[in-house]
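Two complexes are shown next, each including chain A; its partner changes from chain B in the first to chain C in the second.
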Partner chain A sequence: MELIGLANYALFMGIFIGIYALLALGLNIQWGFAGLFNAGIAGFFAVGAYTSAILTSPYAEGRLGGFEMPFFVGWAGAMVAAGLIAWPIGKICLRFRSDYLAIATIGVAEIIRLVVKSEETLTNSARGITNIPRPFGDLPYVQSQAAYLSIVLLCLGLCYFLVQRQFNAPWGRMMRAIRDNELAARAMGKNIEGRRLEAFMFGAALMGLGGALFAHFNRSITPEAIDPMVATFLVWIMLILGGQGNNKGAILGAAVVWIIWSMSEIATDQLPAEYAIKAKYIRLFLIGLMLQLVLRFRPEGILPEPTRGESRPAQVSAQEKD
Partner chain B sequence: MTFLELVNFYIIPGLVLGSIYALGAVGITLVFAILRYAHLAQGDLATLGAFVALAVVTGLGIPPLAALPVAMIFTAAVAVGIDKVFYEHLRERPKIVTVMASLGIALMIRSVVQVIWGVDAESYVRGIVRPQTYFGLRIKDREIYTVLFMLFLVGGLMLFLARSKWGKAMRAMSDNPNLALLSGIDNRKVVMLTWIIAGGLCAASGVFLGINTEIKSMMGWNMLLPMFAAAILGGVGRVEGAVLGGLVVGVAEELSVLVLPSEYKAAMAFVILLFMLLVRPTGLLRGKVL
Partner chain C sequence: MKSKFFALALAGGLLAATALAGAPAHADVKIGLLGGVSGPIAAMAPAMIDAAQLAFQQVNEQGGVLDGQKIVGAVGDSACSPQGGTDAATKAVNIEGVTAIVGPHCSGAVLAAAGSVTIPAGVTVVTPSGTSPEITGLADNDTVFRTVPSDDFQGRALARTLKAEGYSKVAVAYINNDYGTGLANAFKSEFEAQGGEIAGFAAHEDGKASYRSNLADLASGGADTLVIFDYGDGTGLTLLRQALENGFFEKFIGGDGMKSDAPIKELGAENLTTFYASSPVGEKSDALNVFNEAFKAAGGDPDAIFVTTSYDAAFLLALAVEKAGGDKAGIPAALRAVSSGEGEAILPGEWKKAKELIAAGKAIDYKGAAGDLNFDQAGDVPGAYSLFKVGANGFEVVSEMK
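So, the complex of A and B:
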């Protein structure tokens, strides 16, 4: 019995790590490759979750829906929708320094939160969307969890493979050139705004996929399902701790941070109720402090960004100087 | 709806809200212009200031306006401390790293407030305040002194920037940091002064928001977007622009209720922000574009 419980918990945790790893991978495209600061991860996550929920859930009185499409259509729709939301924001803000994008993405996440909370016909406001089908949801509990975990890992593996390919492809090199020296890249005739917009939209699409996976896993999505600020911040600390610009680092960071985060939750839940609530905020404080410490003492993260051309020492030393 | 109703129900509350935004936006615009990054913890510093004033009000039993100086000095000290401990060593790194750090600081300040004071809404004084009528305009006393204090604080700041030696040094750092450093301006003092001013004004905006509405742990974060919209609308680096921007954003938010469902009041600041970035990123008063 103990063993089954433990196995269940491990499966549950694995699914969450997979979902957060997708978010971290999406952020890595935006921040790690292109140096774009997205402080509204939760917004794109919510767009993905709700898009897929609307596309796949059965008909319900008083709201849009009843399309009952298969889950992969919903997930593709989630990616497209999140990418499309990113387009106008990127179009307006990417001409400026990334500070403006940071502010605008905070705003976009806020608007999405408002829409989710108040648009009855679209999102069923506070009650949320329920009865979202889950692939292999008819199996017995443990098997169904295991099947879902393998789907999440499959998605993650596929995304990792594609992102890693892009990272090593000319597109990835160009992105890093733009990030590290915008002027030089512009002088080489690169279309900086266009490339950044691509990176921003690709990253947002992955975040949307993460949201869709989350909604289908829970079989429901409500405005209170995730705390926007906490979710956004967790993904940031995952990427920074794991190693910005390194896809393996993003996934590793997701695993490390999520394990710390949920283990500390188990620990603080043992406390009496009045302390348990305070403990939640102390955990938030510590995760904020962790970011400051990583930024100060190990800004490159656990797995630093792979530098190219190690055989050419001159180039390596030039990179270190930056 | 008559003109007087429009003024009473939308313009006056808008101007009061705008004054509160203006106080925070001036701090944002100074940090943006002198230190050259968007400081995302500005809203939560305002929350901290409001709660410090609450502690003074309940502890000593004095009115909130008397607690304002204490809150301003305390928050200014906290702002300087945060800069020394967390931001100073990031100065040589790309500025966006400091923006990220400030997002973490925002979370840390808020969780400190939530641990100490909890998450429930509080207020400085109990009871309902009835508005006075002046020539058909219904105004509450606290609304008058919110606007007057804002004008007083910003007026004093502008005088300081225009006349005093350190004010000139701050403007020089904002216009051309390299030239300012070459001419022997002490960068560390300018940075410290910037944080003292930004922190103090933040606390003032938090306290006045608390006086006019209620005090809760998310109040500052919710003000962040309007404050940034105000700073960009006025033109980054322009103190008078931030005031103008704050007032415009405040009135626009109140007026938006006429055409939009009231849930979307908070979206107005975002619309203004995007619109300004699209058509005139230098802002109304020709500020900087970073």
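So, the complex of A and C:
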């Protein structure tokens, strides 16, 4: 029983790490590649989660829904919806410089959160959407989690592959050029606004997918899940800690932060019972401490951004040398 | 590179977990206490957890469960969010190996933890404070219960009472969260079904300085009665004050959140002659007195919110564990059996008596501090509510709500 329990816990952590890694990957496109300070991750997360929930959940009185589409349609819909929502937002907000963009995106995320919380016919307001189908949800506990983990990993692997490809492609180099020296890039004739908007939308689509995976895993989505603390700032901590501008770093950061977040509670539970409640705050402290230490001693993150050519396949670099 | 790091992190994590999980003694029966220790209800959670621990302490002092085993409450932090709720529930079920769970505290956390962890794992949860009507409709294989009535229930009871007392046209203002929305929607549908008219229906956000435009909007429907689903020590107070100052409405009805001393202190009883509030009565029962004494003696505040429901959830689960012989799968049936309304009455803290009766194969019926707690088909309990008015010495009961 002990071993199965541990396996279950590991599977669960794997699923959560996968979901958060998708969010961190999305943020990495926006911040790591394009230098866009998006502090509204929760908003795109919510759009994805609710879109998929509405598309796939059974009929419920008083709100939009009842389409009962298969889950992959819902997930694709989530990515499209989050990307489309990002378009007008990006059109308006991306003219702002870094910190102003952060303020604007926080505002946008709050608007989305309040709409979700208030629109009865669209999202069932504060009560949220329940009975969302979970792929392989009818299997027993362990198998069901294992199946879901493999789906999450498949999604994550595919996204990682595509993002990594883009990173090494001319598109990725151009993004970094725009990020590092906008004026020079403009002088080279690059369409800066257009590229930024692309990065913003791609990133948002990945965040939407993360939201959809989250909603289906829990079989429910409520406005409490799109709290900025757990859906925006935790993701930022993951990316900064793992290494901004590095896709592997984004995934690693998600894993490290979530493992500390979750497992530190097991450790603090060993304290005497009278500290049971106080001890819960230790993990908040630990995450903060980690971030401080990383920023102080390794500001580029655990895995820094690869410098030019480093992350490209060996043979490509070799060919260029000829 | 990535996989190496991943493997390392995971291996390290698992190693630590194995080392830590090896510690607990197997003789104990563990029950998870998942609460929003950190997060928005951090101020309420400690008292609720203490109340549940009190129940376990009483059980252990009076002989423990089964063959004298101790009940241990495994506290987990559900952080009042779905993320925290599923995380805490997974740890409780898989690492701590709990038999059943009291909590999580917030509705969103209950829905997520039930959907992804406890229903698939077949672990029974009893939430003392998840009041969302959505919990009623979960496909839960009879494993999700609660000791607090659904908001749906109070909203409907209030609508019936008001209609019966002759109110036929009202406006409704509610705070925009699951509490306010749940109550308001239930109230609206029942009030309209009874033939009443809702002349204004609007949500408002928490913590604004002025609600005059909201109130003017609501008053434009022509109703002279305003029903407020909000908190009397927060936004609800502002709303009430501004409605009184500007004469938007003549009569005011509040939900249980409005039954707070703050309006009386701030506005004065003489200004609140037309203010009524519905609230769970906690039925002036022996059970409640017994609990109050015990919790006070243990250093707790019996008037804190949701402590009675937390205590009852914990004590009921202890009874169910005893009745089911420690069998995880038998807990839901046992839970219904120990609080079915039939059999010898058991009051809070009467563990020894209950244990003897169960051993003798006799039926028992737990009378909780928060009410009789006879579960319905969906695992919900009906609440007992009364309508209160403001008198010379604070709130006084006007009538019972049916």
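Convention: the second predicted complex is superposed on the first by the 276 of 322 C-alpha atoms of A that agree within 3 Å, B and C clash if a C-alpha of one lies under 4 Å from a C-alpha of the other, contacts with A are read in each partner's own complex, and residues count from 1 in each chain.
One rule holds for everything that comes next: a contact is a pair of C-beta atoms (placed from the backbone, for glycine too) under 8 Å apart; a residue touches a chain by one contact, two chains touch by 3 or more.
Values in this document were obtained by computation on a predicted structure and should not be read as measured data.
Visitor: Just checking: does A:Arg219 make contact with chain B only, chain C only, both, or neither of them? Give me first, second, both or neither.
Guide: Touch status of A:Arg219: second partner only.
Visitor: Tell me the contact category for A:Ser150 with respect to chain B and chain C: first, second, both or neither.
Guide: Neither partner.
Visitor: Could you tell me if A:Lys117 is touching chain B, chain C, both of them or neither one (first, second, both, neither)?
Guide: both
Visitor: Which partner chains sit in contact with A:Glu2 here, chain B, chain C, both or neither? Use first/second/both/neither.
Guide: In the superposition, A:Glu2 contacts chain C only.
Visitor: If you stack the two complexes on chain A, which partner ends up touching A:Ala10: first (chain B), second (chain C), both, or neither?
Guide: Second partner only, chain C.
Visitor: In the superposed model, does chain B or chain C contact more residues of chain A?
Guide: C
Visitor: For A:Gln164, select first, second, both or neither according to whether it touches chain B, chain C, the two together, or no partner.
Guide: neither
Visitor: A:Pro140 in the overlay: touching chain B, chain C, both, or neither? Say first, second, both or neither.
Guide: second
Visitor: I'd like to check the shared interface: which positions of chain A are touched by both chain B and chain C across the two complexes?
Guide: Touching chain B and chain C on chain A: residues 114, 117-118, 281, 284.
Visitor: Where on chain C does chain A make contact in their complex?
Guide: 1-2, 5-6, 9-10, 13-14, 16-18, 20-23, 37-38, 45-46, 49, 74-77, 79-84, 86-88, 90-91, 93-97, 106-109, 111-112, 115-117, 120-122, 132-134, 137-139, 176-178, 180-182, 185, 203, 205
Visitor: Spell out the part of chain A that touches chain C in their complex, as residue ranges.
Guide: It comes out as residues 1-2, 4-6, 8-10, 12-13, 16, 114, 117-118, 120, 125-128, 130-132, 134, 137, 140-141, 144-145, 214, 217-225, 227, 230, 248, 251-252, 255-256, 259, 261-263, 265-267, 269-270, 276-277, 280-281, 283-284, 303.
Visitor: For the complex, which residues does chain B have touching chain A?
Guide: Result: residues 32, 37-38, 40, 86, 89-90, 93-97, 99-101, 103-105, 107-108, 110-112, 114-115, 221, 224-225, 228, 232, 261, 263-264, 266-267, 269-270, 273-274, 277-278, 281, 289-290 of chain B touch chain A.
Visitor: What does chain A use to touch chain B in their complex?
Guide: Contacts found on chain A: 35, 37, 39, 89, 92-93, 95-100, 102-104, 106-108, 110-111, 114, 117-118, 229, 233, 236, 240, 278, 281-282, 284-285, 287-289, 291-292, 295-296, 299.
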